[in-house]
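Next come two complexes, and both contain chain A; in the first it sits with chain B, in the second with chain C.
What follows is the complex of A and B.
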């Protein structure tokens, strides 16, 4: 294959059609193989989700029937209706939504302002602030669970939205991403606006933010997904059924209801559904976000 | 120069009193900068640095969940040295990391190569591979708990149909099988993200480079080894670091899938910190282990930051 690629240019007089065929045939074969592998892998990748969906639509006795089968003898949504009547999943949905939305808004807001200031402003203590942000990136939140729990316990805020929301807001990495993003934007627009008498606040809101739309949507989507999925901290800080978020609540479906397979899978499907939707809607931003921000 | 533009507009309105104006202007600008930074800084301070100091403080105490705390100096750190569970969990976490990281890198890179060209339908495949990344550790873990269910799980049925096993496998009965089950889940769930990182890394390599290589007579394999991989050095480094940090902090998947079974052999460090602090109520000891874990991870992340900064300065 490589020898063909090498020889072709040095034999300009050779009969073209046959030659090209020779060069291309391995390529066509190669591509077919690639396509086959991709399809096989994709099918494999779909199995866990498809199997969960399949189980969730079965009647409970059919989920433990042997031999194990994909066939659904009695198609039913009873697991889903049971989910909403027998568990607090409705409440967990609301909690997850409240927590994820507020954390996302606060994160985007605070991180973009800080990133803007660190990129565009000169002020005393700026190197110190920047160093603090960078240091924050290096501290894994999982390592802080013990003192953080103690902190919230001492002010009696365990099992409140405060505990669920506030510690998830500081995202030094988001500040870093925004700073880098603004560093890459031309400063002339700001200067022009300043000449026209715009305040820094107006510059940030009217020029900085709109310019940073791609960074904003990438940070927002990732923050939303991370917060919705975060397990460890909500698991520690929300022990009341009615304060749990979806990932934490899922565990009580498993242990609380005995083993009801269809119900478990229905809960898992319901828990993942909003994220899949967010992902499908924001797919472009995610891909561009990974390509265009500091994540690369 | 920003200052010049700013001052002109200010003086346009303020008129006289130049010197006083300049000083108050500087103060004002400093104030605005601080103002914009302060919300983020406040969050980082209250929820990163306060716990950080508290963690170190706690690690020097015997600190039960409720009741009296007492200063024991470095006692918790000394206890760690003679705690076999801590060392086992650290060893297990490192082993898990060493298994997961290369799989994620190789498979993620392979997938990126497979789906990188924009062809008809390729978006569908990218979506399929990336989708598990967004559904979360908890939900994904529960899917696999069901998938590996001995007897009525799909995995056992498939293995038996393929003739690999003859009877249901008790996936959580041995350390190796339990680890295998978790690795299976984590690869399924996170490799899409690695794929995405590699895709964007590959996009950063101009086509001319590959053309030049093929004109020079390099085959696919040589091009890959001599051209593509060296140019992807930074992406590879980043994916390695992300995979290592993520794996070193693993908790959710083990808590849900293996529950530490069998006999606490699949405890990760974070899991042992959790158990010590919130099951055994030794918060001081948990804090001391957190300090050690944090130091290990800070070293890893320092490398990450260094690499990211290197990239911007180019």
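What follows is the complex of A and C.
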């Protein structure tokens, strides 16, 4: 019998170590470049934040010294205490919290139900309804401000929580995200539940929604952040100091007291603090949500 | 327990596709009815119509003497086992099994008792607090069964429940399933494309093709008396040998030799549309090795063939013979051309297979002598594919 080695076509020789290095070099270089760019972008974002924090901890005269310096000659929290004593920031915090939490809960609830129905149920006019919702994504919110304002003014709801909350609840993009997410869930789970005797509501509540946890987290976190930061609509609908949210209130700090750098920066830091906490607490869900839903 | 009756059941999808056409089927109380056929034959659609997951376009569906066409799934009192099990991944085995009972507002203590009992039957007691993701394929399959059993429904609907298991586990679970169904005596409709499952599990088997029911019969009857070429080709592994044959006066000239027309064959030809040409079918096990036969019965047909491929199956050989082009069965009626993805596999029309005992002295490339009894021949009409003969078992 002839030997095996003679019959089997010889394998290509394993690449030598030097060749391997040559092959891997572009990959390593690319990764280093990407890391460098990411660090540069992160610094670009981080420097103003660090500067705000730095300024808020300085005494006011130190904030206008030339040359500009990162050094803090006299560390003080006076800007923060002034913020609480001279402004209604506590009230604005409460307003922002109420509005952001309720808007988040209602958005997740309504958008997930709409997404579930569009994904799972068959009903007349479904494509039209879905197209109308998608069209909503394309309308800039600014275009709706005047009609919305007139609408809420006509029903005497300006300067109420209703005015701050209701227009921020409908979120076509959230409906789209939930629909896509439910489309990805095996339909057999709902069918099994229906055969098991569950109603559509039970299917949604006990099967669909618990399995859409990452979509719920993503939509909830981003809705909260977006609502907390939203300026334009609260600025129009809450003219009363007591009804202002943080971003609107911060605007009055600037215009009402002249330019006090430390106070401005302390207000900005306080305003952003809850969002930083939300990010720190929900970091994993944010990453999962961005990866799973494409939301950012 | 209950009877299920399908009367002229039809499913037409929005795009006009006719998935199931005028399906008439009566499933007796406690019976295990198998719906079998190649992919796209409408068997799963029929099952989904029974479950209420698919609207019925036409016809009537009766469960336990009640017309249920417009009943939602939850009001039909049936349980379904899905191909991918459809276990709720965020719930434990216990919660999965309790879900249906909770929907029926069964008392909590009663739910606990039933779940415990069912878990014992299915050997799942130690896994009750695990989630489906922590279970093996076989255990998941048992949980899916448990979820159906625990509700004690009027009927079980099973959509290829064993197809996700490996071959060994599938055989094991098939036996287990037969035992449980026997024990519970619940009316069951079982969909599969696996003819071995169909033959071993079913009380009766309904063969479907392109949305149309071909034949309903016991597995044995289906195998021995197939209604048409499709059923003959679909049931049996290896598939039945189908060959064209010419009728000349008192003789049937087949590629395997001339067969004298006896009364049975004459009657058969009288029932056909054509009298000059037919298709004959012969099961691989009806071809015998002449070298192992001491005395052949009278009237047997003998022929010699060269073995082109030999498959050793352990207890027997599958010997393939190349008969040449002139014998091939027309593509229009050859079931192998219809059976997309079916387990029978595609066979060339010019390929003849014989199941020979392991003590046969058979080798690839060698010629051997085979014989068969004409009584085992099935004769089919070449135009309609209808079987014309009453074949000998």
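One rule holds for everything that comes next: the second predicted complex is superposed on the first by the 248 of 296 C-alpha atoms of A that agree within 3 Å, B and C clash if a C-alpha of one lies under 4 Å from a C-alpha of the other, contacts with A are read in each partner's own complex, and residues count from 1 in each chain.
In this text, a contact is a pair of C-beta atoms (placed from the backbone, for glycine too) under 8 Å apart; a residue touches a chain by one contact, two chains touch by 3 or more.
Please read these numbers as outputs of a predicted model, since none were measured by experiment.
Of the two partner chains placed around the shared chain by superposition, neither chain B nor chain C is touched by A:36. Looking at the shared chain after the overlay, A:186 reaches chain C, while chain B stays out of its contact range.
In the superposition on chain A, no contact is made by A:61 with either chain B or chain C.
In the superposition on chain A, contact is made by A:196 with both chain B and chain C. Once the two complexes are overlaid on the shared chain, A:144 sits against chain B while remaining clear of chain C. In the superposition on chain A, A:73 contacts neither chain B nor chain C. After superposition on the shared chain, chain A has more residues touched by B, the comparison being chain B against chain C. Looking at the shared chain after the overlay, A:125 reaches chain B, while chain C stays out of its contact range.
On chain A, the surface touched by chain B in one complex and the surface touched by chain C in the other have residues 191, 194-197 in common. Listed in rising order, the residues of chain A touching chain C in the complex are 186, 188-189, 191-199, 202, 206-207, 210-211.
Interface of chain C with chain A (complex): residues 51-53, 72-74, 78-80, 82-84, 86-90, 99-100, 103-104, 147, 151, 157.
Of all residues in chain A, only 1-2, 5-6, 9, 34, 37-39, 41-42, 45-49, 51-52, 55, 63-68, 106, 109-111, 113-114, 116-118, 120-126, 129, 132-134, 136-140, 142-151, 166-167, 169-170, 172, 175, 180, 183, 187, 190-191, 194-197, 200-201, 204, 225, 228-229, 231-232, 236, 246-248, 250-251, 254, 261, 264-265, 267-268, 271-272, 275-276, 278-280, 283, 286-287, 290-291, 294-296 touch chain B in the complex they form.
Residues 1-3, 5-6, 8-9, 12-13, 29-34, 36-37, 39-41, 43-52, 54-55, 58, 111, 114-115, 124-125, 127-132, 134-140, 142-147, 151-154, 156-157, 188, 196-197, 199-201, 203-204, 214-215, 217-222, 235, 238, 245, 249, 251-252, 256, 270, 273-274, 277-278, 283, 286-287, 290-291, 293-294, 297-298, 301-302, 305, 308, 311-312 of chain B are the ones touching chain A in the complex.
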